[in-house]
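For clarity, chains are labelled A, B, C and D in written order, and residue numbers in each chain start from 1.
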Amino acid sequence: VKALEPRNPSYEAEVRASFAAQAMMTELGVEIGDVVPGKVTLSMPFNARFTQQHGFLHGGVTIACADTACGFAALSLMPPDAGVLTVECKSSMLSPGRGERFRFTGEVIKPGRTLVFTEGRAWAVSGQETRLIATISATMMVIEGREDVRG
Amino acid sequence: VKALEPRNPSYEAEVRASFAAQAMMTELGVEIGDVVPGKVTLSMPFNARFTQQHGFLHGGVTIACADTACGFAALSLMPPDAGVLTVECKSSMLSPGRGERFRFTGEVIKPGRTLVFTEGRAWAVSGQETRLIATISATMMVIEGREDVRG
Amino acid sequence: VKALEPRNPSYEAEVRASFAAQAMMTELGVEIGDVVPGKVTLSMPFNARFTQQHGFLHGGVTIACADTACGFAALSLMPPDAGVLTVECKSSMLSPGRGERFRFTGEVIKPGRTLVFTEGRAWAVSGQETRLIATISATMMVIEGREDVRG
Amino acid sequence: VKALEPRNPSYEAEVRASFAAQAMMTELGVEIGDVVPGKVTLSMPFNARFTQQHGFLHGGVTIACADTACGFAALSLMPPDAGVLTVECKSSMLSPGRGERFRFTGEVIKPGRTLVFTEGRAWAVSGQETRLIATISATMMVIEGREDVRG
């Protein structure tokens, strides 16, 4: 993999501002960690409000956060004034969302002018144990200018 | 498609009880509608707490609800004491989550002893207009007995 | 679903010419059937050269043909001089490729300027029986001009 | 990732025999390379018979070979007398199939009693250049006994 070059010197500020503007991330208690060109990490504590019928983190939250990490990984490589939106994503659910905390990474595997291919991982963390619980493969579309309304 | 036969006479009560036990569905304000063998409908009003950076419904919510509808569609065909879990899902995001209400359907396209293949749709509803915003293709795994802890 | 309008009056000739130019389709013995705006049907006889270890049609052939049907469904809606390429596809393998003949359909579920979302189905046909063996969800990208080299 | 332990001392012979039994692999000119527990490599030369309309390797071949590599990666971890079949796969097509040779890897990312999650990569090789052209995420199902007819 070639080193990924940001095209916006303010890429990190851009990513953090866009993250802060997602009400859902606040609602879920997600925090943004490292932001490097082409790679973003998110994390959240377990939250009983967002569980499925067995009391584990809902798989939909896992996918939402992994997809969001992938979207911000793509955004970190955009030129100023360009945004991204998810075209599609596929997630494999390897293990239940059982943990004290959850960590999500998104990574660009191929940037392009129109499309950005990404991959992500979700881990459950309990004490010293870290377990891979899901993988994601997501395609992002580049949106130029102010009309990036699709999100 | 052959007519799908429930193997649990209480399939509808089972699905509604399992839905009620998902804290996340309550949190999102999702309601369960029709439950027929192999097909389930969910709906939710727009909720500004679960939006992305442009103020539309977060794509992760769309996927979570469509996947959940697919899971309950599969559950409606299970024998008593069997549960289901999502193995993987792929979602295509056709359009932004702009609407007053959202509707999600999940449908079994091939039931099996071990795996159940499903498909779902998500629509945004605004006044008289209904717009398809996402499709989902999800595989569910049958979990026998009480150890269906994976969810 | 709104009726889909072709933007090229010669859409059918265009699709058939592009199909004829795919060496692999000839090699597999695939024939093109109906071509209507946004929907294309392909079919092929069982061929022992393209089998897996149990003597059934290789799943890769099923996916290749279903994806190709989806690509031509998208191409049928393109303006003159525009082509399409597959961005990604996801296929669920419902049943083995056991049959005398196979039929594949591809259908556009949302056309767009840059991306075209499609879905496809694969069936095995034996005597009077027709069995759904796979589904596909594929995203196509529109390629303008002569540089549609990506295929 | 934990080291993956084979449960069949003859895993390599098993994988090579199953590969040799896939007529389609012979037809495509695919050769099997390294076989280690949980990871398999395949390769093939460019072949004009299996091209799309621009003369590049057909994307369906890329997917078929990547999926096959994933299936054999899963098979390498099976106990004696167990087989695997592809439940579903999703492939992202990063780049056209332009190259003199192609290499495919399949890798198990989570083995299980019933399901095995895998990931794969496809590369085009031209002279000294190696380019990633596709990624795959595939779920395999374990088939016990002699009835592994689904393939």
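Please note the rule applied: a contact is a pair of C-beta atoms (placed from the backbone, for glycine too) under 8 Å apart; a residue touches a chain by one contact, two chains touch by 3 or more.
Source: prediction; values computed, not measured.
Asker: With contacts counted as defined, which of the two, A-C or C-D, has more C-beta pairs across the interface?
Answerer: Looking at A-C and C-D side by side, C-D shows more C-beta contacts.
Asker: In terms of CA centroid distance, which chain is the most far removed from chain A?
Answerer: Relative to chain A, the chain whose C-alpha centre sits farthest away is C.
Asker: Repeat of A-B among C-D, B-C or B-D, where over half of the residue-numbered contact pairs coincide, is which pair?
Answerer: Repeat of the A-B interface: C-D.
Asker: Report the inter-centroid distance (CA atoms only) between chain A and chain C in whole Å.
Answerer: That gives a centre separation of 32 Å.
Asker: CA centre of chain A versus CA centre of chain D: separation in Å?
Answerer: Once rounded, the distance between the two centres reads 28 Å.
Asker: Could you state the distance in Å from the CA-based centre of chain C to that of chain D?
Answerer: About 22 Å, centre to centre.
Asker: Any chance you could list the residues of chain B touching two or more other chains?
Answerer: In chain B, residues 87-88, 90, 92, 95, 137, 139 touch at least two other chains, as defined above.
Asker: Residue numbers of chain A touching chain C in their complex, please.
Answerer: Touch list, chain A to chain C: 87-88, 90, 114-115, 137, 139, 141.
Asker: For chain A, which residues are in contact with chain B within the complex?
Answerer: Against chain B, the touching part of chain A is residues 18, 21-24, 27, 48-54, 56, 58-61, 63-65, 67-68, 85-93, 95-97, 148-151.
Asker: Under the touch definition given earlier, write down the residues of chain B that touch chain C in their complex.
Answerer: Chain B residues touching chain C: 90, 92, 94-95, 109-110, 117, 119, 132, 135, 137, 139.
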